[in-house]
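Next come two complexes built around subunit A: one with subunit B, the other with subunit C.
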Partner chain A sequence: MSKGNLLIVDDEPLLLKRLKMNLEEYVDQVYTAADGIEALEILKSQEIRCVICDVNMPRMNGIEVIKKIRAEKNDVPFIFFTGHGNQEMMMEVAKYGAYDFFNKPQFDGLEEVISHGFKHGFHSKTSEQGPDLMSDYQKLLGDLGED
Partner chain B sequence: MNAFLFPKIFDCMVEGVLVIDADSKRILFHNLSFGRIWGVDEELMNGEDNSAVLAKLLEKLEDPEDFLRTFENLEHFEDELLDVLHLKGNVYVERRSIASKMGPSTNLKVSFFRDVTEEHRSRKILKTQNTLLETILDSIPYSVFWKNLDLNYLGCNTRFAKNAGLDSADKIFGKSDYELPWTREESDFFRECDLKIMAEGKALLNIEEPQLRADGTQTILLTSKVPLRDNSNSIIGLLGIYTDITEFKNNQTKIQEQEALLVSASQMSALGEMAAGIAHEINNPLSIIKMSLAYMNKLLKRKKISPQDFIEVAQEIDQTVDRISKIILGLRNISRKSDLEIMPCCYRNILQDVMSFAQDRFRANGICFKEIGTPEAWDLSFQADRIQVSQVLVNLLNNSFDALEDQLNPDKWIEIELKALDKFITISVTDSGLGIPKDVRDKMFNPFYTTKAIGKGTGIGLSISKSLIENLGGTFKYDEKSPNTKFEIVFKTAG
Partner chain C sequence: MIPQSRISYFGSDPDFIQELRKFLSHPHHPGELECYPDTKGMLIRTCVKDRPGVVIIDVTDSTSNQEILEEVLFIKRNQPYRGILFVALFPDIDALERAKNYFTAGFNLFFVKGCESESLFRDCLYIAYEITGSFPAYAKAGKIDHSVMAQVHSTVRSISESSFILETDLELSQEDIQFTLPLFPDLRAKSFMVKGPLKPKPFFTMLNSYEVELPLANAWGGEDPELTLLPDTLETWNSLHQGFLKHEPLNIAVISDNEFLFEEIFQSVDHEKVRIHFYPSFSQEVTTIYDLIFYDIEILPDESSGLDDLNNLTLMAQSQTERPIIISTKNPSTTEATQKLLHYPSIVCATGPLTAPVLHKMSSNYFTKRKSDLPENYLFPLDSSERVVEIPQKVFITTLTEHEITFYGPAELPMFTLLQFQLPFKFSVILVPSLMRLPMREESTHYMGFVTAVDEKGLETLRKFINSIISQPLTDYGPEAMETYLKSLLPQVIQEVVQTPLAETPAQRTEVSEAPTIKRTFKGNSKL
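On to the complex of A and B.
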């Protein structure tokens, strides 16, 4: 797995602690944040390769975090935790290019997704243009339209 | 005795006297009162022309046959006849006749006359009044009856007679309840009430009682009974009046059933509204358990686990399982469908039920939750149904949550406050919203009125909450004076 820093954002301290312990061997460093505001501070001050983020959180929720970070032209991959399948919310974060979703409490394959996210994040950091999910999506729609 | 004295004595009588020889139809004797009563000139009466007198008498009668009929009906010695003659000019005369003899061969008809015009008139008026009373009794939409001291019926109106299976109202006279279609138990109960009324001399109003009718229908009556008194104020019986409330009672039962359905529907909807929150509440601790187990697995695989690590993780899992249990217990306490169970309950327990699965939802959405009230107040108990009060609080918290979710103000809070004052406990739920607009306030307790988005609210939460609390003897109201959105529930304390 490509090494880099991982940020986990969740308002559940015990879950944050265990996720950190389980994942820290795969990455350089695990940062944790209890809400969106803390997360934004870390994203601004540290070089983060991938973010695992809860949606419902006090002070600032996951949707706000990805909105704000994209506004700053930061394309870091976001993997969202959802406590319950909320279609509307998934559509909303998908607009901002969420990388993947996990439904709590199912975490099977989390390490793998993080590892992909890291590659993606690495790619987006090194490539000048970076992947633009929206334009990819529009290109796909365009291709379909030509048939 | 002086023979002249007899006619004088007869002339002093108020009654008219007429003596006729039955065979010759000759008038043998009359007194002064006779001429006066019949309105026949005394001179004519005293004249010799017997047939002229008879003709005059017959002319006076509305029906001349009446006069002669007497002679036909009085065939034998000492036969008697009492009848009333109708004279022209609306005069009524009572006639008492007797067949008598004078010597062996002379048959006499002796008649005594009395002017009964006045009596006849008052009897007629009385009869008209009675008919009017009967009409009134039969027109009012109630069944009416009256009984004597022995609890036997003296009278009733037609409606009552019909209920009792009688052809007409007069057939009720003298009957007791046991002779009527009602069951033995019903009759016993009716009579028990009757006795009580007459013993105490006080009316019994609005008795709900069953009555089996002659047509086989079982009805429910709303009956009122009053003692009947005579002029000297002694009780001589009782008067009863009732109306059939069977349909009303049935409708009431239906309404109650529908209300119960509505209540359970609102419970379900309140739970539905919370379902998302509950999933979140449970998924988080489940995630912790998963992660703790994954961590332990990892350590085991690498044979790096120490007893210390094991104990720590096991404790963590144990606590987290407790957390889930609490959520489920709270959920069960609130959703359990049960009959009203009024018992002393304390605020602390109710709050535990409610907060077990609302707390994390508030925190996760940035809503600060505050409880205000001294620990002593928390332990005070009041008479209520714990589950229903919890349901009302869940409903209020749901409303606050929905309102705050859309609010831009970052300072979001919900406060539950407990105040014990005198003999009252006030539970209030206040949120950081700035109150409810007047037009909404006017309608918010109406069932199915909602300001929430389609599919989000059913509009019955507040109306059900209000009726639940009122059923428990408390009051439920919106506080208009508070600068924030505030609802208050007030109960009397136990004891």
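On to the complex of A and C.
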């Protein structure tokens, strides 16, 4: 079964290279882009099921990328890389729908999030339903009980 | 310009409807009237859809006080509708006497059929729309300046093993307060110790809530047995009231710009398990004293309010020891992203809008989960008149007419509070912004109140009393003096009422020149 294609957008070549190597086995194909403009071209030409995107980049930042993609009615899941001092930018991208946030350079659990993102991307193409609210809620109630 | 008033009437009294319609057709107080035969299924819908300033409910044919009170309180507890003036119509004074609980369950004015209805309509338009219209000049007993004990209508919300929750519009500063507790008929104690105000809790029926100690007898005895509750008495009382022993309901805030959800929620939730407070937008009033907060404001690109307000809500919640669970709907981001973004782990999100079934399911699940943590207390139904208590408040009456009373009060009484006076018989008064300039006095506030909850016979007695004290001022306005006065007056009044069943026009009544609207000059706490 096809897993789907992943796009990683970051202006740090070393990080792009490392992530590509680490994530290749979990996806069909990994595309990389050094900035938002390149990312938009790939998103237009390829079927991407999940995007990992830095918030703060030269030429075109993460906010502009998601803004343009959402304007085209594309609700592909976006996982954003963030760092200290990026709270305002995070608030902006969240208005367009953020799937998750990761603090660079800590990527523990990223594979799992991508895997969920692929499923979410698949669901978003097949139905109007978002993530299952009740299941998130039950999980939270379960956590309350463990206090 | 005179504001166009909007009144909703629930009942089936054709004469009353006709009088109201006629009143509202006058160019000095124009208004729209919508009539419905029954409140069932219509009351909340009407308040949301029509936004009336006044709702008049005829309870003559009502089969369930509990249903009406529950619905009225549900409306009044919610910020967008708190300003609606609720009026209860009773067929006679005995029916009103039996419905004391209406005084502490969201209703503001009380009308006994048979009285002149125009007076009620004028009061309604003044309170709801600040329209003075043409208030008649009534015979006035002035310069009285005598102290009396007014009673502030208050209520007992619940009783635990050693204390009870008292709700009142008064701000209690003293440690002990005087009143009679009807829930324990054999208890003669009239003084109770206030343990303190409850930590901010959402508005239930009155503005303030206090925990008050039950006067339990100590193990060694020695106290007057009539002034304390003996363990055996309490045990018997507990066993007799087992049916009222329930878990305290959850407090839930719903912040939603979808007002139609308000009605759906009322129909779908279990009111014994949840108490809903509805807000049309985020405000500082949404304090994090709730167990669950549903945030149903759409988060949109290029708009700051949706996400910024959610951020503010979580910041407020983080400062609390008991953090509420926040359910953010119409949110394009996932639960994980929002938890990390707002540094608030107790938030769940969904892209779709909130629906009443989802709210019901989530609140029921939470109630089941937390049931063991929720305190179990004796909770009494709203239609139980045993809940009602009267807290005395010393005031100085200055003037009295059959329509209004003015008095100095030491406490800062919130506007539209209901009090009871005995002059010479017991009637209620709603505090209103004064119609006239009232002189000030140091360390006290000069209030005006409209007389309410009186029948035509009572008004006759009041007129007699006023005429009497105009010609022969009294030196004592205490309850005993009033009883004596009433006894001397009563046969005469009864005789006159029998002879002239239709009361004459009130004494010295003249039309005041029309002043279309007034500006409310009061500041501070208000019930409406």
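Following the convention adopted for this analysis, the second predicted complex is superposed on the first by the 124 of 147 C-alpha atoms of A that agree within 3 Å, B and C clash if a C-alpha of one lies under 4 Å from a C-alpha of the other, contacts with A are read in each partner's own complex, and residues count from 1 in each chain.
In the analysis below, a residue touches a chain if its C-beta (ideal position, glycine included) is under 8 Å from a C-beta of that chain, and two chains touch if they have at least 3 such contacts.
A quick note: this is a predicted structure, and the numbers were derived from the prediction, not measured.
Trainee: Does the superposition put A:59 against subunit B (first), subunit C (second), both, or neither?
Mentor: In the superposed model, A:59 contacts subunit B only, not subunit C.
Trainee: Mind working out whether A:19 is in touch with subunit B, subunit C, both or neither, as first, second, both or neither?
Mentor: first
Trainee: Touch check for A:67: first (subunit B), second (subunit C), both, or neither?
Mentor: Touch status of A:67: second partner only.
Trainee: Pick one for A:11: touches subunit B only (first), subunit C only (second), both, or neither.
Mentor: first
Trainee: Overlap of the subunit B and subunit C footprints on subunit A, residue-wise?
Mentor: Subunit A residues touching both partners: none found.
Trainee: Quick check: in the complex, which residue numbers of subunit A touch subunit B?
Mentor: My answer: residues 11-12, 14-15, 18-19, 21-22, 56-61, 81, 83-84, 86, 103-105, 107.
Trainee: Of all residues in subunit B, which touch subunit A in the complex?
Mentor: Residues 276, 279-280, 283-284, 286-292, 294-295, 298, 316, 320, 363-367, 410.
Trainee: What does subunit A use to touch subunit C in their complex?
Mentor: Counting only subunit A, the residues touching subunit C are 67, 70, 90-91, 94-101, 113, 120, 128-131, 133-134, 136-138, 140-141, 144-145.
Trainee: Would you pull the subunit C residues touching subunit A in the complex into a rising list?
Mentor: Listed in rising order, the residues of subunit C that touch subunit A are 299-303, 306-308, 311, 325, 327, 329, 332-338, 340-341, 346, 348-352, 358, 361-362, 365-366, 369-370.
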